[in-house]
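In structure tokens below, several structures.
What follows is chain A paired twice: with chain B in the first complex and chain C in the second.
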Partner chain A sequence: MLVISGAMNGAIYGLVALGFVLVYKASAVLNFAQGYMLLLGAYLFWFSRVTLGLPLVAALLLSVGAGFLVGILIERLTLRRLIGQPLISMITVTIFLSLVLEGLVSMIWGTYPLQHVTVFHDSTIRLGRLVLTTQSLLAFGLALSVAGALIAFFRFTRMGLAMRGVAEGHQIVQSMGISVRRILSLSWGLAGIAASIGGILMGGTLGFQLGLSQIGLLAIPAAFIGGLESPEGAVLGGLLIGLSESIVSGYVGNAAGVPAAFVILIATMLFRPYGFFGLERIERV
Partner chain B sequence: MARVPFYPPSGVYADSYAKDMRILKTGTQRFLTVAGLVLLFALPLIPGLNGSYYLRLIIGAGITVIACLGLNILTGYCGQLNVGQSAFVMVGAFASGMLTAFHGWSFWASVVPGGLAAAAVGVLFGIPSVRLKGLYLALTTLGAQIILTWVALYGITVTAAGFSVSPVRLGPVVFNTPQKFYYLAMGFTVVMTFVARNLMRSRLGRAFIAIRDNDRAAEGMGIDIFKYKLLAFAICTFYAGVAGALLVHYMMWAQLESFTLQDSVWYLAMIIVGGLGSIEGTVFGVLFITVLKELVLVVGPMAQGKLSFLPMGAASGLLLVIIGSIAIFFGVLEPRGMAHRWSLIKAFYRLWPFGY
Partner chain C sequence: MLTLSNVEVKYAGVILVLRGVSLQVPEGKIVSLLGSNGAGKTTTLKAISGLLRTELGEVTAGAIEYQGRRIDRLDPEQIAKMGIIQVMEGRKVLKHLTVEENLRLGGYIRPNGEVRRDLERVYGYFPRLRSRRNAVSGYLSGGEQQMMLIGRAMMARPRLMLLDEPSMGLAPLIVREIYEIVRRLSAEERTTILLVEQNAKAALATSELAYVLENGRVVLDGPAAALADNEDIREFYLGLGKLGEKKSYRAVKTYKRRKRWL
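Coming up: the complex of A and B.
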């Protein structure tokens, strides 16, 4: 039971972690605002489902599209202007960005949890001793298939190839006629999509509330355990973190899940400093 | 970080190494420093400024300066990103608070053990820095924040509940009002700033900068990276511990809620806004962010009344948007920090009117 629910959450963490990896690969920036992009996506879904009263698919498409636009807008307004500046100031800007996003959400929707709304129709399935809800099964499936689609996009399309090129070096790619700016916007947009879907799925199980942004905190170790350069690693890392979180909090209790994720992370880092699938940087003096 | 080098003004010559190494090279600098110090310590005597409100602000800023100086030594000078500084502040705070509250030590005796306790924990979490760099290292310090907070919340009963701490005494004087504590906090801040400044221009500081710029090259020059990185962690967390010891004895209450991840992120934001690898930048950054946060607290209640048509908590949300936007704007405008602009201003003054 713990294993199953861990894997369900893990798939969502993996999806959110994928958002970190997409941005990191394209621009070497760790996006601290990812958790808040997720929050915004979840609230946008709630808005279109409850306030506008749209059907499920339309609400999903609308909020995911909005997440894409938010990602592009963020890149356009802030990080575009910082190209060529010290990396650390870009990372700080994402920290401040998370303040703005959190503020926006609480400004529009208030700080209290919103009325609960299920994403998928809720019914239970019994498999022997296991009790599963269709809600979590569908969420699991959707998270994994979106993650799979993003990985396939990254690996097999021309655009994905261009994105991998941008990760290698901006100047080279620019000289081959690929617009680095377009690629950077696109990677932020895709990160926005990943975050929105993760947020919507999590909102369906945990409720639509400000605490959703904490998932960003669990997705970070997932991205690092997998290796920051590897999309597949992010998904596997997410599953690992989800499993360990639910098992540890099931047996130890006391909200030990998050610290346990970081203990695993530090242990991994000691033996595999670049995660399991990360790229080892070779340095020359 | 690119720094504008110090060219002494014309007419100031260093005819010995001792003179060349001086912190205050010119008469103007000496005068301004003395004047600044006198002003700092005379501030509570000036009417209008001696209300508890301003003094509380300055005391808070002073304690934050100490924590941020440590962070800047580790992150700015030695190049090791630390996202868990407030956890180390917490270790120092609880260690020193428990010594005074439960074991009857005096504050003066508990500051150094508080700092050392934080440093011991800091070195422990610094060990992965041998193999990790940059963002990966940031993650282990983020882990330090989360693990240490968890231990304090679930592992130790005393720290989970919080406990009261008696005020600092020195002979007959009890430092229990902002007016009195001001001198204590400023004394510590000035001394710690001076120590940091001196450390960073010594052999140690040069070793840190060499490691930041390129650790392989530093190793090639005979710097023991492991030793110096751990030393940087120890100094950084010692500063954090001292700040923590001051903080609990100022608030006279030790509680877990004062040390959150958000605080760590703010510390980091302060040194980045101020300028990495710069002592004066640390002070600028702390002042800037402190004033910005204070604006939120002052404007917040006023805005709450006007914005009653928005949902609950909307005013604080609006202010988060404003503070975040100002900070982003600032970050985009001044990505190298305020210290960089400061050195440009100083250079302008020194070269005026022959700027080119």
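Coming up: the complex of A and C.
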């Protein structure tokens, strides 16, 4: 039971971590606003489902599309102007951007948790001693398939190849006629999609509340454990974090769950500084 | 095909690197640009390809025209799409990608359907790349990397290729191989080539026209064969004395002839 619920949360962490990796790979920026892009996505879903009363699929499409646009907008308004400037200033921008996004959300929707709404129809399935909810099964399936689609995009398409090229050197790919700006904004848009879907799914189980942004915090160790450059690693890292969080909080106590994730992160960093699937630095002698 | 008239380039608004460079690259020819370190050769190429603008450089006076259109205000990606591809010096491979991925990216601006055929063409020129197509490019030897970079530029089917020091740090045998490919590119693909080199001997033997750049100015130009016979070029760039015998280092030290053009 613990394993299953852990894996389900883990798939969502993995998806959010994937968004983190996409941005890092293309622009070497750690996007600390990822958790708040997630929050915004979740609230936009709630808004279109409850306030606008849209059917499920329409609400999903609308909020995920909005997440894509938010990602692109953030890139265009802030980071594009900082291309070529020190990385630390970009990272600082993302940290404070997260506060701006949080403020925006609480300004519009208030700071109290919103009325609960499930994403998928909720019913339980029994498999022997296991009790599963359709809600979490569907969330698990959706998170994994979106993550799979993003990885396939990255790996097999021209655009995906261009994104991996941009990750290695902006000037080099510009000399081949590839627009770095377009690729960067695409990677932010995709990160926005991953964050929104993660937020919506988490909102369905935890409720739509400001605390959802914490998932962004858990996605960071997931990305680091997998290796910051590896989309597959991010998903596996997410699963690992989800599992360990749920098992530790089940056997040791609720409070121990989240710190356990960070203990694993620190241990990984000590023994494998590049994470499990990160790119090793190539140095020819 | 390409005309630079009185091009002046400043970095960061204050550092004057090119002080009025004028040169012409006629269609279908190999033109080389010689000069010592810091003469402004690479800057000239970057001014043409637009890459200058990614490093705070700017064309502050003069004009660069390509097929009758001014290109000195365009973005590097626009210029690449017009058919000018630069092979940067220092073997700038995308080192975590495989050889084939590097080549495919080179063909990014081409229609998707033709990438396959262009890959075959590049492998035809560089059989060694075919056997290493799935190798991570960061672990290739220097010669293989340089071949891959030329191949990557070929994937874009450029009409004008800007080659920056393809011989740098390579063994003489490999340099000869690479120059053989450059000649074939010109003869078989009708690619116009602007070549920057410190290896004056290899460059003059390959090209039809040559310019000599010093301190951000063109100081000599003419047919490559004529320059190879020029007394000053022989002395300062080819290291030969009056009668064609190699000079000893002692002679260079004790007597330094004034460069006539200064």
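The definition used in the following text is that the second predicted complex is superposed on the first by the 280 of 285 C-alpha atoms of A that agree within 3 Å, B and C clash if a C-alpha of one lies under 4 Å from a C-alpha of the other, contacts with A are read in each partner's own complex, and residues count from 1 in each chain.
Criterion: a residue touches a chain if its C-beta (ideal position, glycine included) is under 8 Å from a C-beta of that chain, and two chains touch if they have at least 3 such contacts.
Treat the numbers as computed from the prediction; the structure is a model and nothing was measured.
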Practice problem: Would you sort A:V21 into first (chain B), second (chain C), both or neither based on which partner it touches? | Solution: neither
Practice problem: Kindly classify A:M37 by the partners it touches after superposition: chain B alone (first), chain C alone (second), both, or neither? | Solution: neither
Practice problem: Give one of first, second, both or neither to describe whether A:V146 is in contact with chain B, with chain C, with both, or with none. | Solution: neither
Quiz item: Looking at the overlay, what does A:G169 touch: chain B (first), chain C (second), both, or neither?
Solution: second
Quiz item: In the superposed arrangement, does A:I95 touch chain B (first), chain C (second), both or neither?
Solution: first
Quiz item: Touching A:L190 in the superposition: chain B (first), chain C (second), both, neither?
Solution: neither
Quiz item: Which of the two partners, first being chain B and second being chain C, lies in contact with A:L236: first, second, both, or neither?
Solution: neither
Exercise. Could you figure out whether chain B or chain C reaches more residues of chain A?
Key: B
Practice problem: State whether A:S179 touches chain B only (first), chain C only (second), both chains, or neither. | Solution: second
Quiz item: Is there a shared patch on chain A that both chain B and chain C touch, and which residues make it up?
Solution: none
Practice problem: Would you pull the chain B residues touching chain A in the complex into a rising list? | Solution: 1, 81, 128, 131-132, 135-136, 138-140, 142-143, 146-147, 150, 154, 214, 216-217, 220, 265, 268-269, 272-273, 276, 310-314, 316-325, 327-328, 331-332, 335-336
Quiz item: What residues on chain A touch chain C, complex-wise?
Solution: 84, 158, 161-162, 164-165, 168-180, 229, 279, 282, 284
Quiz item: In the complex of these two chains, what residues of chain A are touching chain B?
Solution: 30, 32, 78, 81-82, 85-86, 88-89, 92-93, 95-100, 102-112, 217, 220-221, 224, 228, 254-256, 258-259, 262-263, 265-266, 269-270, 273-274, 283, 285
Quiz prompt | Footprint of chain A on chain C - complex, ascending | solution = 49, 51, 54-55, 75-77, 80-81, 85-86, 88, 92, 94-97, 101, 104-106, 108-109, 112, 136, 138-139, 152, 156
